[in-house]
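Following are the structures in question.
One chain, chain A, appears in both complexes that follow, with chain B as partner in the first and chain C in the second.
This part shows the complex of A and B:
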């Protein structure tokens, strides 16, 4: 509850900043202060199980340790994002305070999507996440690609929202109590009623779209490529993790006891996502586009949690959200500072900027899933969850094979940085590489290795 | 077959027929006008369900305000045959195929549901504003209040996109 209310309030405060604070640097610091506050309030709620606000919610929200721990991960990653890339938000356009306000509203939506207990709140949460994102995608107004991406995202997003609403209508009409509450959708033994099955498929399609799982991923490369890079970093990590969390919670709490009836649909989507994401990423020359496809590929791994649907999967999604978000945010922060976004643009970066090259290597290794990094632990937990699931073991083998494929395109960047000769021109915009930026990069890399060695600290929050 | 069933069937035919006319008519202005008919038919359904307030709001907001806005946009954009994009027949075929299969599955599944009474006329005061307001501010106060965040972010978005740099 703390998180929902404070993020909404801080969004409004950021709006007023746009009016009263003229300095372009100030919004970033106000945003960081607000986020620290939100993080602390959420941590207090996680520790004491008591909210500052006593609001009658009629059981529409569920505040348990798992949800609050996930929110803590989300706010932590956003904090890293603000510290690393906050200065780049200032370069996007002239409405800096409003961009931060929109990010806070997205966080409010994430808090709703992480704690919903009725379909109503899920819908509102997903919409509060989506609408600010359409705007952030199109915030680089003079760039045609950004405009195109925003329009494409908006039209397709609106369509998928329509599908989700229709699914909710089916589910509402299909359960005997005619209620939006998730626990009322749980049907006992026997085959699924027709209306519930329809609702399930429509929800599956809409949520797969929101998390860019194949075959509903077609918007992803264009939107991630067209959007200003700093916002791509935000929406391909934090927002996507939140989408998966909502996905997992909906299918666990509403359709959990019909698991074996819809498991095959999830297997199809998982395999298709892994295949399309990984194979297409191999052929990309632009690193930004490669990351867009790699985010589809990582989505395939996160889908394993929905496939497995057990306690290990819950631990896995928590770890995956942290590992994937931290590594991708870190790598995007470096990418923004590059002059050239192609893989050749990274040639010989290790000679010019050894620290940047080193941290980029850590991030990429974590994305690949090399031991000692957080990425390894998260992939390990996901695969273990899928194994503990007990059936369809072949899915695990396929996932491991595709993880090996992903090594190819991540290592290409590492190879370019360390083994290729640099040109005469500087590769990065060196004036922007301040000491604090480099220190923050190093801290992020250390954090990733730390989670890789002690994942139980993060997972332990869940059982607090 | 009671009078409600007949009214329901008539309204449904009207809604579906005008919806088909809306997507198939060549002129965008005609499309918008057909869409207004769809909204009126749906308002009729709301009245059958004893949701008078919803019916009125549906007409005022959708058939009134939003449609006028739509008409303005369509007329300002001056769409005609020359500005129409080139049609891709393969894409159209794929669209028909996938849409048609969805329709087939939907119909096949809906046939399986047996309903004792297809049209049920609700009575009582459940559709009155008083009851609606009571539900909105007691049981559903959380979603009601939270939607303000949604509208606020949409408003900020309109300002950001519309304002000169």
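This part shows the complex of A and C:
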């Protein structure tokens, strides 16, 4: 509860800040302060189970350790994002405070989507996430690609929202109590009623759109490529993780009883996502586009949580959100500083900027899932969940083989950085590589390694 | 000491810490000195561990067990037993030799080079000491990453493709093994910690041995693990990464790869694969032996026609490892015992071969046999030492490998006469190509490239003399190694009963 209210309030404060504060640097610091506050308030709620605000919500929101731990991960990752890329937000355009305000509104939506207990709150949460993102995508106003991406994203998003509403309507009508509450949708044993089945498929399609799972992923590469890179970083990590969290919670709490009846749909989507994401990423020359496809591939792995639908899957999604977000945010922060976004643009980076190359390597190894990094632990927990699930063992084998494919495109960047010769021109915008930026990169890398060695620092919160 | 540090702890952490210190060094010379000192220290620890065996009072010296991930029942659990002691000893002896022979070559950004080598050593030690499946997997991969960087950064022209192929093969294999580990883990019994916490499953070796697996499950899991180990060894048909990787890696890395890292695969089979899946092993051992035999003959034939020195040794290594793997899967005491001691001897001999090839390549810049000749005239001492090592590699009596190969052949012969005969072809061919190579490179027609070839320097002389000494000592008196591993052989056979 703390998180929902404070993020909304701080979003409004950031908007006013745009009017009254003239300095361009100030909004970033106000935003970081606000986020620290939100993080602390959420941590207090996680530790004591008591909110600062006592509001009667009629059980429409559910605040348990799992949800709050997930929000803590989200706020932590956003904090890293602000600290690493806050300066780049300032470079996007002149309305700096508004960008931060929009991000806070997104976080408010994330908080709702992570704690919903009725379909209505889910819908409101997803919409509050989406609308600021349409604006952020188009925030580079003079760039045609950014405009195109925003329009495309808006049209696709609106379409999937419509489908989601349709699904909610079916579900509302299909359950005997005519209720929006998740627990009322759990229809015991036996075949699924037709209306519920329709509703489930519509929800599946709509949420697959939002998390860019194949075959509903077509908007993703264009939008991620067109949006200002700093916002791509935010969209493809924190927002996507939140989408998955909502996805998992909806299917676990509303349709968990009927798992075996819809599992084959999820298997199809998972395999298709892994296949399309990984295979297409292999052929990309632009690192930004490669990351867009790799984010689809990683989505395939996160879908294993919905496939498995057990306690391990919850731990897995928590770790995956942290590992994937931290590594991708860190790598995007480096990418923004590059002169050239192609893979050749990274040639010989290790000679010119050893620290950048080293941290980028840690991020990429984490995305590949090499032990000692957070990425390994997240994949490991996800695989454990999927194996524990007990049926369709072959899905796990396929997923693992695609993880090996992913090594190909991540390692191309590592190979460029370490084993190829640099040209004469500087590869990075060196003036922007401040000491604090480098220190923050190093801290992020150490954090990734720390989670890689001791994942229970995150998983333990779930059982608090 | 036992209560604070155990031997396996020291074996893993000493090279790890020294490796990180090397990274921070600015000067090449200091990194070199640190790495050699650290590796000698590790050797000391490893030798000391030989004298603290089998007695209950040394239990703390040989085992360390700390809770790592409580919710899933994974421990940082390391210890050394017979096989582990043998292979840690090989690693401990191998690395000083590798580092000393590397120290004559100039490498760009040498501190990272030596640092990565020491990290590899830490990973290898971890693999040989782990008694917990998750730690095992961690170290298994940790040994791979530094080697990948070493080979791709300092290797030959086609290094990037060759080493990436190597990486992808092993990475895929290990991921399949990870699935296997998870599957077995979910069949293990519950585990209670000292403080009373109970978790549903455990990653420890003993609970993996006792996991409730039906024979049908074992049949599938066997292959998941076997592929990972077979890629590492490598066994036909998973060997295609190996000749290119050996050829393109800088020679010190090739020494580590061929001398020590390939043993990871065999060790994995001895420690994990066979004891975990006895039913599947008894069912599939013939298939494995046949794959190995195909590999032996195929690799030996390819070695005969190689003009590239490094590839020749690479193929000969496939043949030797194939024989070891085949003898292991005969599952009779003689064969297994032979494999155990051969693990050690093959490592020593092949490192000796590479030391000489490294010298030749550094001095002449040539690795084609057809362009070399008459080196013996300029470098008589080198020639003598190399001939001894090469003869040991083809297992002449009185050299170390003879005992191992004799036992392995007896094992194979007991299992099936025809298989032993086919493997025998491999041995004959190995004599053919090795002697042929010696004749052409050292004695053959004198070529101008050998004109400026200096004889051994003091470090290289030291390295080769140590290796030759080991060849003869264990050739005449192989008993200590047999004693060291006898217990492990018995335990392995007990699991198969």
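Rule of thumb we're sticking to: the second predicted complex is superposed on the first by the 464 of 464 C-alpha atoms of A that agree within 3 Å, B and C clash if a C-alpha of one lies under 4 Å from a C-alpha of the other, contacts with A are read in each partner's own complex, and residues count from 1 in each chain.
Operating definition for what follows: contacts are C-beta pairs under 8 Å (C-beta built on N, C-alpha and C of every residue); 3 or more make two chains touch, one makes a residue touch a chain.
For clarity, every value in this text was computed on a predicted model and none was experimentally measured.
Touching more residues of chain A than its counterpart among chain B and chain C is B.
In the superposition on chain A, contact of A:120 is made with chain B only, not with chain C. Contact with chain C, but none with chain B, is seen for A:383 once the two complexes are overlaid on the shared chain. Of the two partner chains placed by superposition, only chain B is touched by A:12; chain C is not. Common to the chain B-facing and chain C-facing surfaces of chain A is no residue whatsoever. Residues 315, 365, 370-372, 376, 380, 383-384, 387-388, 393, 396-397, 400-401, 403-404, 407-408, 411, 415, 418-419, 454-456, 459-460, 463 of chain A are the ones that touch chain C when the two sit in their complex.
The residues of chain A lying in touch with chain B in their complex are 4, 8, 11-12, 15, 55-58, 60-61, 93-95, 98, 101-102, 105, 108-109, 112, 118, 120-121, 124, 127-128, 131-132, 134-135, 138-139, 141-142, 194-195, 197-198. Remark: chain C residues 68-72, 137-138, 141-142, 145, 149, 152-153, 159-160, 164, 167-168, 171-172, 175-176, 178-179, 182-183, 185-186 touch chain A in the complex.
Contact residues of chain B toward chain A in the complex are 106, 109-110, 112-113, 139-143, 146-147, 149-150, 152-154, 156-157, 159-161, 163, 165.
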